[in-house]
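What follows is a set of structures to go through.
Same chain, two partners: chain A is paired with chain B first, then with chain C.
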Partner chain A sequence: MAAAATCGTSAGNKGCTAAAAAAAGGKNNVTSFQRKGPRASVPDSGCARLVSIAGTRPSVRNGQLLVSTGLPALDQLLGGGLAVGTVLLIEEDKYNIYSSLLFKYFLAEGVINGHTLLVASAKEDPADILQELPAPLLDDNCKKDFDEDVGNHKTPESNIKMKIAWRYQLLPKMEPGPVSSSRFGHYYDLSKRMPQELIETSKWHGFFFPEKLSPTLNIEPCSLTHGYIKLLQFIQNVIYEEGFDGSNPQKKQKNILRIGIQNLGSPLWGDDICCTENCDNSHSLTKFLYVLRGLLRTSLSACIITMPTHLIQNKAIIARVTNLSDTVVGLESFIGSERETNPLYKDYHGLIHIRQIPRLNNLIYDVSDVKDLAFKLKRKLFTIECITKLTFYGTQGQKYLLSGHLQRNFAINNNHYFRRLHTLKKIY
Partner chain B sequence: VTASKGAGQGSRRTLEMESVWGLGGLVLLRDSVEWEGRSLLKALVKKSALCGEQVHILGCEVSEDEFREGFDSSINSRLVYHDLFRDPFNWSQAGEALPGGPLGALRALCRRTEPGPVTIALDSLSWLLLHLPCTTLCQALCALSQQHSPLGGSPPVEPVRVLGLLHMELHGPGPMGALSSLAQTEVTLSGTAGQALAHILCQRPRQHPTHQTQCFSILPDFSLDLQEGPLLESQPHPDPHIPPVEPTTHLTFNLNLSKKEREAKDSLTLPFQFSSEKQQALLRPGPSQATSNIFYEPDVYDDLDQEDPDDDLDV
Partner chain C sequence: MFPELNNLLNTTPDRAEQGKLTLLCDAKTDGSFLVHHFLSFYLKANCKVCFVALIQSFSHYNIVGQKLGVSLTAARECGQLVFLEGLKSSVDVFFRAQAEPHPLQFLREADAGNLQPLYEFVREALKPADDGQAAWRCPVLLVDDLSVLLSLGMGAVAVLDFIHYCRAAVCWEQKGNIVALVHDSGDAEDEENDILLNGLSHQSHLILRAEGLATGFCRDVHGQLKILWRTPSQPAAHRDRSLTYQYKIQDKSVSFFAKGMSPAIL
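Then we have the complex of A and B:
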């Protein structure tokens, strides 16, 4: 979290103020209190109030250091971005199409911002995953691409200026267009791959589990599945050696480590929670998440995990996993379900559920008011929208009864005004 | 016209089957008590043998003679049979049995190094699921169907196809779900009165899964005959008892306005809008607007006591 950053800087600050006090003490001997201010002469890991790492920004609510998830619409729903030191858990959709997109967006954002990546997977080689990252939309042609994608779907009613509810036009739209010089949150073109030179200049570590699995291994019974132990050791090594946890503080510029773990909990990691309901190692995954969160909290890193929760047989495990993660987003795609033919959902490809948002150094949640969110995969963009039709039509039954009576009872007729009001209360 | 259209459809469907066939990866053949799948497995084995691919068979459920029955000698000579049926636990010390049991046999298949396209038939996956832990089997299947070249460089050009026969009734939703998530293609067999039907769910990587239904029959020499049949490129059919949801019925307000209605609506002056007529009316108070009148007819429940209730208080 930002705690690590501020610890580093406050240690530096104390050093600076002590040195300055000694120097000033020699001069006028009056006071050793010095005002902390930005000093240009001190080296980079010194006295800046907030360490300015590329690709991060402090939250407007409480100053928490945030990184972008790669999808600005998702950043907005999560309250500005993903906090450094936390875990974003994505509950996969049934065929793992859209969750892998979110995973790639997260990694692509890391490549663009120059963060270090750690990609762990048991199914695909991390090098192959990195080859498939989407290309960033550059400033000059991004507005054109964005408009051409969005403009096809503008309905005629939305162009009419609202006469009665004109205040709603002043509300910010769900997905703001690409800002030309945005340093936080970039847009990506899914139809193109990220250029090879960008990937090569980025620093990344890959963990491909089948390579680490030696076939003649005697797996001693342990509380954590073998795959998880190896992954935790790998992450810990990378954090320690690269100095993300504050060791080797003076040597290099602070950077963020973006960790991506794919398909955690699937049988390919050696965990059998997807195979049986009463499994031997049912606490393996939860212990892994607990230790992982401890590693993340003490380092400048952010983690995205995709998990096939639709395969987990024991629902109690899903609840425990949700409690142990910080931010949980669930994807539900309409492929193969009866909702595909429902006219309410015909413009969308699935629903997105924000299941949990953390309260970090805060007493209240930063939840957006909109609960009915759906996503759509266009040719180049992945967009998240609010299902507006649901707010128009409402649910059956009760609401229609109410609206019908409202229409009849509020006929402006002074004689029977109070009587009608009374009857409305009785119906309630 | 209909004949050519039928022929066109047939050739289109065979092309689709070919593209599904060429995909490689894990193909699950899910059969049930009503419709067995071993004949389809043997038909696919024969098809790949005829294409000149190497074919390895891991036989667990039936004996080698029974599996080879029905194939002619040219095909039989191409099949490499690994027999786990005769001696699965390696009790006879003859040394013919495969070392390491079923897991060792699978790992040995992973390690073969001959180049060229290869088909591996597992007869059956159900037997392997019952004898091996599910996670180990999934890891072995993943390693088998993604053969990386020993150099570790570019992915292999020739597809490795793993055909697994799975009996659906034997397993719970857990292992079935786990294997489905690993599979590239799932073929579910069903059928009515002599006509076999295959529901094929094909998941190409990073694309939407496609679902098609194919009628077929297996000839006595295990050739596969794809037939015309109901072409259901389905979206799932809504349940006929539940009418499709159309949210614009039963509304108490009118969503579709005609042109005249829309014009009337647009020309309506809204109550809070401060138009010039209102301004004039307010500036020149008319005779009827000196005082505003309230007409009130008391209701049965209204209490019209003229006394002030606060009079009782001793204030």
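Then we have the complex of A and C:
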């Protein structure tokens, strides 16, 4: 499914879903043996061959083009990564600590892979945000830090003639960048900053809302807030001028645009949905999300948005925002809550809720069976694990912590549940 | 289309009824599989379909349609399918002022207007051919979904008016069908959505309601489908017939079974 796929049915349609034409190519009216000619002359961006763009990979399920969110644990939960052309909405935790971390991981992943970045914020200058990106863990460093099998796969004897798999020798060798960027999803060290030269070689556009405020409003009034209108125009400008929507046929090397919008919906953007329950402009945010998604679907880009949903008082708006986004992940940190002192959660920093995963080009989607997920942040690793607690109310104060995966079948004909009892750890 | 759902609804593409409004609604789950079902059903039934797709792109429906056995590109090329792609058109409408009124003109307007341009678009798309011969069996309007219109600034009354006008034009005048999807917000206290849902429930002939299980997520049973047949012209004249089934969505089909009879536990 991955390599050498030629454009199938989705001819005139740009964006992420063209990659899935590879999977659907056999179902056309023509027989599947007929090879469609390469549509390289068509300026549509996503419709060309599935040539590897750095930092992307096709999804196993439907051939959708995926990019990494910067957090390999989250990639796994989302079915392999974030699909190009979709929005990842992060519902911020109360003090915006871990959500800004996910935001930075996403941008750092873009820097490592050479993607173009677009950072929009109303609170911090994008240049400052980029200075604070965490440093990637290089392959030779991470060998001694955790036993990943990455380091073992380096083959120093790459020039030995292959005897059996000699065809593979004819393939062009992958060019390693300054970091071994051929991997999908990297790990980052939060105690160090991203090297300055990596940031300088990366291409990025910044949108800092206080700088873009203009006293005169020379656009047609529509119900969007001024900040949102400006941001949409900025994004559309970048997409059009840099050719992410296929409008610039001279562009040889396709690239992904990673858009990061911080604290969308907060009062700093001029929106009052976080302030009152009955706000004047309640459709501003939802219209913005709709037009943004329209822009993303027609270009090679992926977007992360962090939103302080815990401040939005109108629950209907949260439901509408969730319906208008593709992937929604909620973070709940234990800081300041009573769970901080709960012995059950003592190893973890918060809970992570996967609220919505899109069904793109498919009737079904990859969803993990486990719903109770907690995250833990160490210096070099952000892990997401399943926790399941079983409290037996008969004996006071006894809590059983079951680590690992608990199968949630209809377990009548399946006795694995009972087999696991002897591995319970008792915590008094 | 899903053959099992056809059996439950007691229809086949040859014997599709006419002049009906079908309401699809989903609560706590994703009911888009019903939209794919009806799209492929009416295309196979040789009806002219006008699809107002506000939520996903054309290629998404196309790829799923191919799994269900219809080709949307072929249908569009031969004129059987008129497709309004909301996401792509919204970008055009929003950034460039259009010369003639666009069906999604309300995106540029400040106050909540009405959906008349959209209605004109639907009417134009489904009007019978000038030469008088019926190339297709009956016109069908498919909307995915109406709750998005509320998020885009329309009031519930404006959306209900739009459906009312479409019913007059499509269902009554041309003996066609309308299928529309509305999300049920449940406990999210979305009053406008509730008004829309209640208003449409009283007008529809068939209500298909996909709900998530009350006990939460399950790998083998993805949800529950309630089917309700109604006669809006004779309210409470006789009891409406209703059935409840549970379903599991697979790669190319959906299997339905009676409550508690999932193959996983038998």
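In the analysis below, the second predicted complex is superposed on the first by the 295 of 428 C-alpha atoms of A that agree within 3 Å, B and C clash if a C-alpha of one lies under 4 Å from a C-alpha of the other, contacts with A are read in each partner's own complex, and residues count from 1 in each chain.
Quick note on the criterion: a residue touches a chain if its C-beta (ideal position, glycine included) is under 8 Å from a C-beta of that chain, and two chains touch if they have at least 3 such contacts.
Not measured: the values here are computed from a predicted model.
Contacts of A:D189 after superposition on the shared chain: neither chain B nor chain C is touched. Of the two partner chains, chain C is the only one touched by A:I364; chain B is not. Of the two partner chains, neither chain B nor chain C is touched by A:E332.
Once the two complexes are overlaid on the shared chain, A:S266 sits against chain B while remaining clear of chain C. When the two complexes are overlaid on their common chain A, residue A:E242 makes contact with neither chain B nor chain C. Shared-chain residue A:S100: touches chain B; no touch with chain C. Those residues of chain C lying in contact with chain A across their complex are 30, 32-33, 36, 56-60, 62-64, 66-67, 71, 73-74, 86-91, 94-95, 97, 107-111, 147-148, 150-153, 183, 185, 187-193, 216-220, 249-252, 254, 262, 264-265.
For chain A in complex with chain B, the residues that touch the partner chain are 95-97, 100, 122-123, 125, 128, 132, 163-164, 210, 213, 215, 266-268, 270-272, 274-277, 308, 310-311, 313, 335-338, 340-344, 389, 393, 396, 400, 403-404, 407, 414-416, 418-419, 422. Residue ranges of chain B in contact with chain A, taken from their complex: 107, 133-135, 138-139, 142-143, 148, 155, 172-175, 177-178, 181-182, 203, 206-209, 211, 235-236, 238-239, 244-248, 250-253, 270, 294-297, 299, 301-302. Against chain C, the residues of chain A that register as touching in their complex are 9-11, 13, 15, 17-18, 20-21, 23-24, 27-29, 62, 220-223, 232-233, 236, 283, 286-287, 290-291, 293-295, 297-298, 315-316, 318-320, 323-324, 359-364, 367, 369, 371, 408-410, 412-413.
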